[in-house]
Amino acid sequence: MSVLADQFTAHTFVDAFRFIGDNASLMLSKTGQTCELAFAALGIALALALPLGLWLGHRHRGLFLALGVSTLGRALPIIVLIAFGLTVLGVGFWNNTAALVVLGIPPILTNAYFAVDGADRDAVEAARGMGLTERQVLLRIELPLGLPLIVAGVRISAVFVIASATIAAIAGGGGLGDIIVNQASYGLAGVIAGSLCVSAVALLTALALGLVHRAVSRSTTARA
Amino acid sequence: MIPVLGGSGPVIPSFGSGSSCEQNNGWWCTDWLREHWGDTLQPALVQHIELVAIAIAAGFLIASVLAIAGFRYRLLDVPVGGFADFLYTIPSIALFQLLVPFTGLTVLTVEIALTSYTLFVLYRNMVAGLRGVPEDALEAARGMGLTRVQTFFRVELPLASPAVLAGLRIATVSTVSIATVAAFVVPKGLGEPIFIGLDQNLFKTEILAAGGLAILLALAADVALAWFARAVTPWSRA
Amino acid sequence: MFRKHTRRAAKAAFAISLGVALLIGLTAGSGLAAAKAKPTVVVGTKNFTEEYILGQLYGQALAAKGYTVKYAGSIGSSELADTAITSGKINFYPEYTGVLALDIAKLKNAPKSASATYAAAKTFEETRKLTLLAATPFYDTDTVTVLKTTADKYGLKAIGDLKKVPSFSYAGFPECATRATCLLGLKNTYGLKQTKFVPLASVSVYTLLDQGKVTGGDGFSTDPEQASGKYVALADTKHIFGFQNVAPVLTQELAQAGGSDLASVVNAVSSKLTLAAMQAMNKAVAVDKKTPQAVAAAFLKANGLG
Amino acid sequence: MATQAAELVFDEATKQYPDRPEPAVDRLSLTVPAGEICVLVGPSGGGKTTALKLVNRLIPLTSGDIRIDGRSINDQDVTELRRSIGYVIQQVGLFPHMTVEANIGTVPRLYGRSRQWIRERTAELLELVGLDPSYAKRYPAQLSGGQRQRVGLARALAANPPLMLMDEPYSAIDPIVRARLQDEFLRLQRELRKTVLFVTHDIDEAIKVGDRIAILREGGRLAQYDTPENILLKPADEFVAQFVGADRALKALSLRTLGQISLRPGTWLDGLPQIDASTNLRDALGFLLAGGSDRAIVVDDDGNPLGTVTPEDIVR
């Protein structure tokens, strides 16, 4: 059913940008809500997954967990998580945040694990030989060496969480998803405008973390 | 004025009552599963597999062409890889909507979006696989008089295949998952029963059954591809 | 190569013979209305349970009488369904007369009766190469639904009483936000300016009411939940929700092609759709988890329409 | 196995990279007679590997010519040329995704040889390089470094090429295994009599392996091309003398065995140590000096005394 294809004219995207201009405060507040939801979830996921991944990687344990979590993370559909959260946590911010946290954890955990697990064993052994404690080995040697991979994991997670935050609108999650699912009220131009804003948020976040990734990659290569 | 519709009143038949589990929105109503496997879950599963299979096949084809180009001509790698990364970054629901003006609320819209998502992983893994072929093997191949084409098919391609297959696994699992969102655009796949379950005051059995099927499908595809990869790359086990 | 040629030749021959047959058929049938081929009906529906059932009822009844029926599936809001039919993607869908008059035609003065609403909707549609068939006996209006406990606590009987609720939040379909028969009516007609709206794309409003996340929700009078005693529908004393009988909207092209035969098949179905019948069918789907297809088939069979 | 060998001629062969002032190989002219091992040796930057890769056109010539059995390499199809030359490199370059048999069969398969032929040839070659034929079905990852190098040699020999190029084949292998591989290679060469161009940076390896040694100096110029003996005993210039080392006289001793020098007629004396006639002079000297004896009895393979030897006899 190609209902909307006929509405398309060359002006659709122009209209979308006009829509953003005409509804600047609405777009701003919806974008803000999306960011709030996504970044809260990302922060919680980071706080949970990073220490666990680093610790497991440092002990070279839990390979199966790290691999399993990453596959399971990819396999879990966001709408199933949100629907499940709805039945357990009810509608609202926390349901959506919890769903997004679950989605955000795997890439961070897996990459942190492999970053530390794969850190140059010679360097680690040298550090131990020089009398560094395990904690110091992890924080001063393995963490800096693995930083590029860790940042790459955060980047994947961030993109994933922002994309999913939009879908949270089906469960009253607010944000730009509200506009995207409501063509009746906002029109095609509004839907496209909302989609453009979400994409912009995701792209900017990815870009920023990409720059961080480049910076830390360069510093570790320079060090090595 | 409203036309008067005469005649006798309707006969309201018994539609059969749902089990108490169904009526009370239970977590796992086996009666429902038994009754609706054939008319709801099974067709949705088949549609889901179709959606994913087409997207993966198309993505694999496109990524292969791009990867060979990006591998041969390094200049292409940055823009092509960057574009695939860019596509991957656009949230799925946004990409669906952005495509609607061009392709409408059709399966095509869904397939284009799903295919776009596979490109990033497939392309990166293919290029990394080809680049990761050991230099000494290539030098030996050249020194032994293998032509470029022979070197590609006999040495580079097989040696890249573990990375390519790993990418295929990741892409397939992700696509099975993302395809549930396709029900926003077309009433197809395992997303559809989930949306219906949400609409019916959160009918848990339907949501869990369809969602569980999606997860199982993803994991089954992962295991099958892992098994396939082991079978076709016996040397990597050595 | 040889094989390919033969197959192509065979195809061409088949196409020509088909063309000749059609030509003969057309010439022969031109004088006989009875022999006229029945038109294809492309049925669309909006995106909720009652519409799914209605789509199946009309579609199956037509198919039983020899019409070719294609189901375009769930299209979405009225606004999208309207786009679909005006652009020719579908040529038949069940719609609520009040929605047509107030939300699609956007009439300034709401019609004061069911028949006035029907007339206004039909007049409007006929300006756009569309038309309506007869309306159903049942009507299904939006209702402001609250939990019975909430109603008891604040002493709510009518929508106007909601001013007594300190912070009133209201859940509904996303398009409710911009509809006169929904949020705009609450704000403008009832003066509930401070209403906090929670748009729900897929989740039932009853879920939110149950979870205490909103005070009120946009329910339908035919929803089976309405009969459970757990909820109270507040009286719409200012009639913002209008008169919402269902009437099939179809293109004039389809109406002419189908003629009185098509109209009689559709009207026969509509005439049986009383409030009791519709509530029973909604319950069978929403509560007893039967499929809309099965429920529609059972109903048509029981009434000799299938 | 039919043996065949080709004569290899470098004729003013030059390689000049556009972005460098000095040529990598500068007017290199030398002839490797059919069936001989020529070792290219020299300091890094001497263009040894470049000179070797000019032969199979992995690096194209800038000027001059290289001829194999009188035929210029530029007159031949490049893939045909490469398939007709055995090529062994330091990192071996076995294809990790192929079994040993498939690796060895790579070029024969391109020539359309049957599976059966390849299987038999693999067994034959594995035996030749000192590996059990049961290794045919293994993957490279299941082999040790020395085993891989043996398979690499077998692969290079698979199509029975008249010319072999060996680019530092044993550099990455530990000294004990390296010595064994060198010995095996020399044994093989006695049997096969291929023409071999062998690159190494190790002068001891060059002396041990080469029938002739070409010493290249920086800038890819030939410093001396001669037999190991002449290189050691009559270095052409100061550069060569320095490169072969101050102990060159001592190294030269390793080129001859006790059986090759005149011994003192054997006055039979009890209690003198015995030494094999096949021992090279350098080792014999070390044996005498370390044993604290000024004389030893030289015996042949069957233990029959041939005569006696003193340190003076050796260094004379």
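Letters A, B, C and D mark the chains as written, and numbering starts fresh at 1 in each.
Everything that follows uses one rule, which is that a contact is a pair of C-beta atoms (placed from the backbone, for glycine too) under 8 Å apart; a residue touches a chain by one contact, two chains touch by 3 or more.
The structure displayed is predicted, hence computed values, not measured ones.
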What's the minimum number of touch steps needed to get from chain B to chain C? 1
Per-chain Cα centroid nearest the overall protein Cα centroid belongs to chain B
Please state whether A-C or A-B has more C-beta contact pairs across its interface. A-B
Roughly how many whole angstrom separate the Cα centroids of chain A and chain C? 40
For chain A paired with chain B, centre-to-centre distance based on mean C-alpha positions, whole Å: 20
Mean-CA-position distance for chain D and chain B (Å): 57
Taking each chain's mean CA coordinate, chain A and chain D are separated, in whole Å, by 59
Among the residues of chain C, which ones contact at least 2 other chains? 73, 75, 202-203, 207
Quick check: what residues of chain A touch more than one other chain, meaning two or more? 1-4, 7, 86, 170-171, 177, 181
Multi-partner residues in chain D (2 or more other chains touched) are none
Here the pairs of chains that touch are A-B, A-C, B-C, B-D
The answer for chain B against chain A in the complex is residues 85-86, 88-95, 97-98, 100-106, 170, 173-174, 176-178, 180-181, 184, 186, 190-191, 194-195, 197-198, 202, 204, 207-208, 210-211, 214-215, 218-219, 222
Okay, in this complex, where on chain C does chain A touch? 44, 72-73, 75-80, 83-84, 87, 89-90, 171, 173-175, 177-178, 198-203, 207-208, 211, 213
Which residues, counting only chain B, touch chain C once they are in their complex? 1-3, 5-7, 9-13, 15-18, 22-23, 29, 32, 35-36, 39-40, 105, 186-187, 195, 198-203, 206
Chain A contacts chain C in the complex at 1-4, 6-7, 86, 90-92, 169-172, 177-178, 181-185
Sort out for me which residues of chain A touch chain B in the complex. 1-5, 7-8, 12-13, 71-72, 74-80, 83-84, 86-87, 159, 162-164, 166-167, 170-171, 177, 180-181, 188, 191-192, 194-196, 198-199, 202-203, 206
